[in-house]
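Following are the structures in question.
Next come two complexes, and both contain chain A; in the first it sits with chain B, in the second with chain C.
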Partner chain A sequence: MIRVLGSVAGLVAAIAILYALQRTMPGYADITKPVTVHGAIGDRLMARNFELTATKITLAQRIVLRAGTKEQVFETTGLWAVVEAQAAARHESVTITAASWRGPNGSRYAMSQRFSTMPGLLPSERLEPGLPRKVLMLFELPESQVKDATILVSRTPFTPIDNELHIKANLPTPLFVRNVARIIRGTTAGEWRIEIQ
Partner chain B sequence: MSGRFSIGALRKQAVAFIIAGLGAALAVLLSLASALYEASQPKDLAQVAAGQAVDTGRWMVVAHRAEFGKYMKGTPASQQDRLAVELDLTNRSATTSAGPTRLLELVSPPAGLQRPIFYLARDSAIAFGLHPDMPERVIAVWTWPPGAPPPQKVRFKVASQVYKKRDNLYGAPGWFDGPTVATLDLTVGGPDPAAVAK
Partner chain C sequence: MAALIPSTPRERRAFRLSALALLVALPLAVVASSYEDVMEWRSSQELNAIVAAPGKSAVYAGAEWRLERVHRLNEPGSAALVVIVEFEATVKDPAAFAATCNVALTDASKRRWKPQFLAPSIGRRVRPEAVDRPRCGSASLRAVKAGDTVRMAEAFVTPPDIGDIDLIVSLSTARPAYLVLD
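After this line comes the complex of A and B, so read on.
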């Protein structure tokens, strides 16, 4: 009798252990997830092969790109977030191709790819060690995802066990949304400045 | 000496094997029969027309109109005839994604038809990134093979995309092509007069 009870108990225990193992097994995305570096706006954050300091976030209804006398207007159904940053490589030249805005509900808004001729965009600048550059990241967001967000920056969109910067984007309430963020191309390559209206 | 060889034990073992075998055979037959039955009873697909919303899993789709020609508002100029369908797309997943080229498939396509290109209706840019929860008016453009007769009415199969927490190869989460969820009927209008005049 005791023997039978013992084997039944053993079976139940085995099933429970296997179930627990199955439920808690990390998925592929967990095993290969990036190593995060946390910080806030204004912090100089170090990743394995680049460093970046996000300096300013501006919200705007539309973005205007001015090159010479020509103006191009970019509208959106939500808002634009213009993030300015200083970035440099650490050991060798590098290009940072992935940045996204993670909203409070976890949705990730990748950097907008609607600008083919915009100067200073983070993915189009090659960063060199010791030469910090002023770069731009432009995000298109619905209004509900602007508060309590995190800006994620990594070298490539899929960075298994490499660094990803998590920059807390704390914006003051109420949100201050500008009418136009005008990005003006300078006379030398890669030079630009922002005018806010 | 009774444990060394016994007809009774052998028979017991044989009976156990036969019962297990019958059980397995029954399970195989049942699953085969249910698969055959499901395949023989095609589900009635929803039939939608212009203006009706379809939930395809990853995308919420509303088709507005179809047009055929060389000049179209909202797309760059082209030398070739094209079929364009104006859509509202809403990305219901948690990440930005490019326009879904397998979303609409013509039921009887002309030979040599390629997959469509999606343009943003607002500024004719190629729709590289459609963001979560941001409805966007896009134009899907199929370049029509030269010589193929122009379409009057088109019927599309609307494909779904389904989320898997763990895929079969890596166990990674992702979106995968799912079954057809609806058919979409559109009447093809001529080119937009405003676009031709431009």
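After this line comes the complex of A and C, so read on.
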């Protein structure tokens, strides 16, 4: 009798353990997911290949790109978030191609691709070790997704077992939305400055 | 179950031999199935250096390589330094030389700067004859004969405080060996 009970208990325990293992087994996406580095605006964050400090977020109703005397206006039905940052490679020249804005409901907005000639955009600037440079990330967002957001930056859109920066975008309430963020192209390649109205 | 347990001495011997054979067969299987991947990985790595001392040449990938000149150019109003490296290769084995070419600049800190796709504007203004040279990748695409000397240049953007620099060249036909031009 005791032997039978022992066998049944063993069987039940084995089933329980196997079930627990099955339920907790991480999927392939979990095993290879990015390793996050958390921080806030103004923090110098270190990823494996690059370092980046998001310095400022400006919300604006339109973006104007000025090159010489020519101006190009980019309107939106939502809001523009202009994120300024300082970035450099760490050990080897690198290009950072993926940045997105994760809103409070989890929606992710990739950088706007409407700017073909904008200077200083993060994915179009090659970063060099020891040479920090000013870069821009431009996001086009619905107003509801601006508050309590996180900016995610990684070397490529799919970065298995590599770092992804998670930068908390703490914006004041009520939102301070500018009329125009004017980005003015400099004289050397990739150089720019920003004027706000 | 009983049939699986060796009972006669002959069966026991076979069982032990099989168990021992597994010790050899399993590692062999791992090596056989991963050999090609390991070799492919190895040929994409830069593992053993062939160093050319300053002013000297070195034989690498079917050619004799030599560093000619290094120009350090300061763009006014810019924090960066533009480094243009001129180097040449006298080809002995055109087949080994015609390969994809990786170039990088390193300093004592072991940081690596990759070459610029387009030479920075100061290079075009100050050293046009250097930036007009083909880059390593495009030079190895052209047809060369044994005995030809190919003159190349690469441009880099680095911090101004960069110290002693080495040019690193590696060709797919010669990797994992790579060349360091001091």
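Everything below uses one rule, namely that the second predicted complex is superposed on the first by the 172 of 197 C-alpha atoms of A that agree within 3 Å, B and C clash if a C-alpha of one lies under 4 Å from a C-alpha of the other, contacts with A are read in each partner's own complex, and residues count from 1 in each chain.
To be clear about the criterion, a residue touches a chain if its C-beta (ideal position, glycine included) is under 8 Å from a C-beta of that chain, and two chains touch if they have at least 3 such contacts.
It should be emphasised that the depicted structure is a prediction, and the values quoted were computed from it without experimental measurement.
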Counting residues of chain A touched by each of chain B and chain C, the higher count belongs to B
Between chain B (first) and chain C (second), which, if any, makes contact with A:Ala189: first, second, both or neither?
second
Just checking: does A:Gly106 make contact with chain B only, chain C only, both, or neither of them? Give me first, second, both or neither.
first
What is the contact status of A:Glu92 with respect to chain B (first) and chain C (second): first, second, both, or neither?
second
Once chain A of both complexes is superposed, is A:Ala9 in touch with chain B (first), chain C (second), both, or neither?
neither
Shared chain A surface residues [contacts with chain B and with chain C]
none
For the complex, which residues does chain C have touching chain A?
75, 77-80, 104, 110-114, 116, 120-121, 157-159, 161-162
Listed in rising order, the residues of chain A that touch chain C in the complex are 90-93, 126, 128-131, 188-189
Per the touch rule, the chain B residues reaching chain A in their complex are 94-96, 120, 122-123, 125, 128-129, 131-136, 165-166, 170-173
Would you mind writing out the residues of chain A in touch with chain B in their complex?
27-29, 74-78, 100, 106-110, 112-114, 116, 140-142, 144-145
